[in-house]
């Protein structure tokens, strides 16, 4: 009886264990809230800094005209700072142009490599290649930049000389495009490969049973069924190409005006512009990089929205 | 008809093979390039050397106590020894490929172990030549100066004929990466200390504690958004938020390692959260119910029953995080700066290995050899980490099944 | 008569679906009570009410009264964690933790704050002996529990529950994942355990209910059809539905 009474007390009393639960839940919940608020902090701070050049007088340098900034064809071509000297219009065009060109190279090669790994190569070779691709996607971008600087610039320079064009040490649109396509190749290959591998065997058998050859099946049915995964890889690839900074800054050549559409012209992207020539730690020349940051985020966001829209359009007629 | 189909097939097969070949060739050429360019400079000395060379001008006051040490027997044929001065010199090449004369041996009682520093106002100051120093010039009172370009043998011959020296100009060997290596290690440590608890706690909250409702979904998607943000934007955030923050609360007065680590911690958060959450998801609910049925509370269940099974996932997350820290460059250029330092302080600027590469490549002229050597080191570390990840997850899978 | 559990008008809803309808029954102390019925009849759900494991399921709403030793366990302020140390549970699939045999048994006591090695040693040995597992594993207490056979794992889970010194052990089809020999061993064990513990067991196997239980309750579609001593249920059930079920006409 006494034992039962004691049991009563223990059961009805406020428990320490439950209090600990509440405490731990609180601590972990706060961690989660902080983790979630980081993106908001990023947006707020970059917006505050990035908007400053357009609404303040920038310590006497004058207000930057936002329309002129967005459509401008020159970026600080000279030594003196002035509010009228910053324009990113041509840089936006350069950035998107380079990203799309690099996608045009890395996409077909990456997807076909993925097809080779997933469907064509003998098993051992495909395991080996898959591992190689995985390792390659772990290589830091600065190493791609180094490779671009040490090899691609030389190749481009020599080729340009061969066809009679004077290039600036190889720094050019084409060099940047090549570096970026190399960089996104492993990502595109890896994701497409997963998408291709997950295409149901029955779809493939259905095609073969209709008398299609293996190759026809791969190209007409397998690739079509894996379309949405392949598109996802393209979106990631473009994202990487648009946001890459250090590798690009080593091969772009940092043009001050443009847009540069010729393959052997020097160029500049939003990211390389942000990295180049940062000398001040306050003032207009510093704040304006945040404005470029905002432009970069918007460009990435818009590209994603457009590509996702296209993906849905294309995906809706998929065989799946 | 059939013929046309065959041709078509061959064409498509051909482009598939060619693409795979291009991929493999292009990507393996990166390895080849880094290896060929980088391996020539790769040695242990590089890891422990300073990057910046230091210049010394040594001179002698009064009488010189000459060395009495005979030539040690372990000297090689290309090392030249002066028993009077107790020093052995040899010809070598520096990291840029220029000819230099390097001190390969110096005896304890060598007069060069007791010189005064001509650059210092303090007459009592004393400096010593150490093994590994580079002697660029020795000038005498009554003889033409010995220079690097005449070689080590001649320099020793000259030394043997004199009893006094006006000035020895020598430098420590530069071009090392000790500072950057140290910075990288500091950054890895600091970043993990910041990011791991935060990320793991968040993952545990989302997977073990949170109710399945709209707020939880919102938190998840906000964190997921972070993965799409390019690292240069994180760099801007570091510059705008963490640099002023660390200047305000620590003794730092510029961008510093702490602000860099905070920036990296933010970059790593989504990676750590996702990887930890995935490893928590795999753990069967059976374990949780069993533990709760034994009267354990949620906290005990999480820490004693769930986390021990999830630790391979957390190890994987950590290894991936380390790889990302080592490889990151753009964010750190903003958040710590690009000045290569030999004396590293967590309150000051310095470069990680990746940013060191960037700084070298941005120099005029670019030092591709040293950059490639650092890239080779980074590649070796990153590949080793990836292999480790594979091993860990393999073990994890066999354990669960 | 000494009732350890007394349940009055228990309704349970998963969202809009009513899984238990107005259940009222008493459970005797130190007896084996078997819950039988076809799949989805609510017997497992009912079992999980007794140590409030249904709390873990979102959207689960309970109405009515469940008394454990005269205490109402459905009130908000009631200490669930303490309840679960008094009302242990063994699950359908053996679910040892991926740790050593010793650590599995010591898990519960450790969670309730026992840290001393000597104390834990005594508890672990006693629990393993009571679960008739000690002989088989005494030489390899530090081995991983996942290396045991299915039957051994289930007895380990019973030992793990016993280590908490509970009053009641709830068993949710404890032998359904085991082979006949392992099943037999568990049944022997249950017979042994009822001297010290109240056991409530959910089973699919009517022979098993007949072999081991003192009382049997028959559930159908979320309702309690009949509860009586096992002999009566199996020889002269009052309800036609019970008779149909035990003679194998459905289920």
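Order of writing sets the labels: A, B and C. Residues in every chain begin at 1.
Assume a contact is a pair of C-beta atoms (placed from the backbone, for glycine too) under 8 Å apart; a residue touches a chain by one contact, two chains touch by 3 or more.
Remember, predicted model here, so these are calculated numbers, not experimental data.
**Student:** Chains touching chain A and chain B alike, please list them.
**Tutor:** Correct list: C.
**Student:** Taking CA centroids for every chain, report which one is farthest away from chain A.
**Tutor:** The chain farthest from chain A, judged by C-alpha centres, is C.
**Student:** Centroid of chain A to centroid of chain B, CA atoms only: how many Å?
**Tutor:** Measuring from centre to centre gives 25 Å for this pair.
**Student:** As a quick test, compute the distance in whole Å between the mean CA positions of chain A and chain C.
**Tutor:** Each chain's C-alpha centroid was found; their separation is 55 Å.
**Student:** Using mean C-alpha positions as chain centres, tell me how far chain B is from chain C in Å, no decimals.
**Tutor:** Computed value for the inter-centroid distance: 59 Å.
**Student:** Where in chain B do residues touch two or more other chains at once?
**Tutor:** In chain B, 297, 300 touch at least two other chains.
**Student:** Hey, what residues on chain A touch two or more of the other chains?
**Tutor:** Chain A, residues with two or more chain partners: 17-18.
**Student:** Can you list the chain C residues in contact with two or more other chains?
**Tutor:** 81-83
**Student:** Okay, in this complex, where on chain A does chain B touch?
**Tutor:** 17-18, 20-21, 24-25, 27-29, 31-42, 45-46, 48-49, 108-110, 112-113, 115-117, 120-121, 129, 132-136, 138-147, 149-151, 182, 185-186, 189, 213, 215-216, 218-219, 239, 242-246, 249-250, 271, 274-275, 278, 289-290, 293, 296-297, 300, 304
**Student:** Within their complex, state which residues of chain B touch chain A.
**Tutor:** By the definition above, chain B touches chain A via 5, 8-9, 12-13, 15-17, 19-20, 22-24, 26-30, 33-34, 37, 197-199, 201-202, 204-206, 209-210, 218-219, 222-223, 225-226, 228-237, 240-241, 266, 269, 273, 297-300, 302, 323, 326-330, 333-334, 354, 357-358, 361-362, 366, 368, 371-372, 375, 378-379, 382-383, 385-386.
**Student:** Could you list, by residue number, the parts of chain B that touch chain C in their complex?
**Tutor:** Listed in rising order, the residues are 211-212, 284, 286-297, 300, 304-305, 308-309, 399.
**Student:** So in the complex, the part of chain C that touches chain A is made up of which residues?
**Tutor:** 69, 71, 77-79, 81-83, 86
**Student:** Over in the complex, which chain C residues touch chain B? Could you list them?
**Tutor:** For chain C paired with chain B, touching residues are 51, 53, 56, 58, 81-85, 88-89, 91, 93, 95-99, 107-108, 110-112, 157, 160-161, 164.
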